[in-house]
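Handing you this structure, nothing more for now.
Naming follows writing order (A, B and C), and every chain is counted from residue 1.
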């Protein structure tokens, strides 16, 4: 299948860690089995899906733990202190955030961070103790301050400034697409610009006023709020449309991936011929086995229908 | 002391990070040197990063504890919990062993085993889990999306315009208008709605941030 | 009507699967018109002088790779074609393997040397804090690189970057959600005035219209944006991403069928609802 886009793989090793070779046979069967096991949930909750689900949680948790351990503990504590000591021994200037600092201080601060991290772990022994609260308090303070300052600047001050910028400079508005594409030329640009900006500002102001609960809802405010709701519903509608686009893109990629494993290299029948090669390829054979098992299970009346 | 010291730590760290926002970094041309608060800020961010990572690992410990209890209690899911723990510790063993150089499965120029497992097991599992949503969104489109009012009708129409405007067939069946409607809708209407939502949410972040940094908000200490 | 309304939803699943598999097998798909924001993404990279340093942040995982990996691949090709240097970072733990595999495959095609033309610093935990860290002090955030644990200052490219965002000419994020483009805008874009480009998942695309074009100079919205960008890069590189372009154009044709099916479901669902209500 799918010959027009990529050449079929006719030979592949059973197992390899060499990425310059085509994907291995063992990997192909595992990918197909796990993909189809997850898809089997669409029929109903079943042992194949449960196995895949728990394997996913185990592997995902392990991967995340590895990365947090390597980059969140080894790098900022062990590697950082090693670098600071090396800089100190070589007599180099050690900088922290661009500020020159004595290495002893740099190491001292980081050791304190390590001790506080141990405080956090003490939660395992004494869940309600005082110790875990200290690092937690620092973490909350840092996050709150960072989000407060960064977001206020970018998502409030700059966002508002940029919202009104197009009034004086039309280049600051994303309108080019309406004029730039062939056949999209708008005859009366000034009128279109005024109309569009009108829609934009009425929508923005009304949607903002919809969130104002300080005043009693008079008829005027209720009317303004209604226009705000209309703007927000169209916004949510566009978000819904994009969500559909995204979810289907994921499905297409998985189907495309399964399609790629119908190549002769992965088939139990090898390159023996069109139908046999296809029938004994991992996605078709495993799909048939899973479907048959679930079908037999359903006939015997095993398990509840949770679909 | 169980309350006062954590609140003091929150206020202090919050104010120091806020201060660093208003101070300047090095500017050689203007003869400005880096302010000390930048160093404190960098160090505090590193502390938060370390605590964030340790807190994650703490979560794993809880997951393991709960799973072990379920396995001990027997029951239908005991087998699957065992699979999960074997996958967790097996993969951790492979990955950490390779990271620290305790063992290696790869020859010269080959990828580590942990990446093979990532590629052949983790990727298909995670990608397929999320792709299932395509089916459920189709089912919801049939069962749940009703044009009961003007607002819900607008939502559906906007959704349909986006769906048509984003794919080639949309322009084919609307004589090229779908992508124009989409552009207008996204820039002028969605742009206004998004800005309003973001401004509202940011005002919330600012208010909550101020309450935390000034020590007024204490709910994170379970009070 | 009640039987139509309440029929087993697995029939919808089955029809959806048949449509996607069927269209996938039959192939097809042609050129898409390129949106303005995709053009701006492309043009912003084109405008950078040779040797500029671009920070490329991989903020995605396998669940969003279907939408973002094509954009990631095309961006790497585009940057290397323009002889730009790339500093790779990641704020999602599952992203670094994609950096390893894509750069391992693409960098040799352009003779791009590790350490000189590109570096991989790997994942940094902490979400917003990670971004704040990267913006404030790249050297403090990453004492060593992610490939062979080389100290920060020993890599020539990082020596050119220096310690902070002053050494970075452009930031590009492959954004799948939180943390992603919205956090980069807040923690780095506003603070350090670095121009930002983004490739986003479909779910995040509508948000970008609030920041475009002032705070996000251009973006690749969803699989559609990635496909349009692949078309531009394929032309600019003389066919370096032809396979990816064809695959993505075919996927957009499949997407067309699935979208029509969902619109049909909404229409039929509403017809059944209104006819049923009138009957009652």
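As a working rule, a residue touches a chain if its C-beta (ideal position, glycine included) is under 8 Å from a C-beta of that chain, and two chains touch if they have at least 3 such contacts.
Just so you know, these numbers come straight off a predicted model, no measurement behind them.
For chain C, the chain with the farthest CA centroid is B.
Pairwise, the chains sharing the most contacting C-beta pairs are A-B. Chain-level centrality, scored on Cα centres against the all-protein Cα centre, points to A. Averaged C-alpha coordinates give centres for chain A and chain C that are 10 Å from one another. The geometric centre of chain B is 16 Å away from that of chain C, both derived from CA atoms.
Centre to centre, using the average C-alpha position, chain A and chain B are separated by 7 Å. Within chain B, contacts with two or more other chains are made by residues 21, 25, 38, 41-42, 45-46, 48-49, 52-53, 56, 111, 118-119, 122-124, 126-127, 129-131, 134-135, 137, 141, 156, 159-160, 163, 166-167, 179, 183, 186-187, 190-191, 194-195, 198. Counting partners per residue, chain A has 19, 42, 63-64, 68, 71-72, 76, 80, 96-98, 142-143, 146-147, 150-151, 155, 159, 173-174, 177, 181, 235, 238-239, 242-245, 247-248, 250-251, 253-254 as the residues that reach two or more other chains.
Looking at chain C, residues 9, 13, 16, 33, 35-36, 63-66, 94, 124-126, 129, 132, 136-137, 140, 164, 191, 206, 209-210, 222, 224, 255, 258-259, 262 sit in touch with two or more other chains. Across the complex, chain B meets chain C through its residues 20-21, 25, 38, 41-42, 45-46, 48-49, 52-53, 56, 111, 115, 118-119, 122-124, 126-127, 129-131, 134-135, 137-139, 141-147, 156, 159-160, 163-164, 166-171, 179, 183, 186-187, 190-191, 194-195, 198.
By the touch criterion given at the top, residues 16-19, 26-27, 30-31, 34-35, 38-39, 41-42, 50-66, 68-73, 76-77, 80, 96-99, 101, 109-110, 113-114, 116-117, 120-121, 123-124, 130, 133-152, 155-156, 159-160, 163, 173-175, 177-178, 181, 183-184, 196-197, 199-201, 203-204, 207-208, 210-211, 228-245, 247-248, 250-251, 253-254, 257 of chain A touch chain B in their complex.
Against chain B, the residues of chain C that register as touching in their complex are 5, 9, 12-13, 16-17, 29-30, 32-33, 35-36, 61-66, 94, 97, 100, 124-127, 129-130, 132-133, 136-137, 140-141, 164, 191, 206-207, 209-210, 222, 224, 252-253, 255-263, 265-266, 268-270, 273. Taken together, the chain A residues at the contact with chain C in this complex read 1-2, 4-6, 19, 42-43, 63-64, 67-68, 71-72, 75-76, 79-80, 83, 95-98, 142-143, 146-147, 150-151, 153-155, 158-159, 162, 165, 172-174, 176-177, 180-181, 235, 238-239, 242-256, 259, 307.
Those residues of chain C that touch chain A in the complex are listed here as 8-10, 13, 16, 20-21, 24-25, 27, 33, 35-37, 39, 63-67, 93-94, 96, 101, 104-105, 122-126, 128-129, 132, 136-137, 139-140, 142-144, 149, 151-152, 163-164, 182, 185-187, 189-191, 201-203, 205-206, 209-215, 221-224, 243, 246-247, 250-251, 254-255, 258-259, 262.
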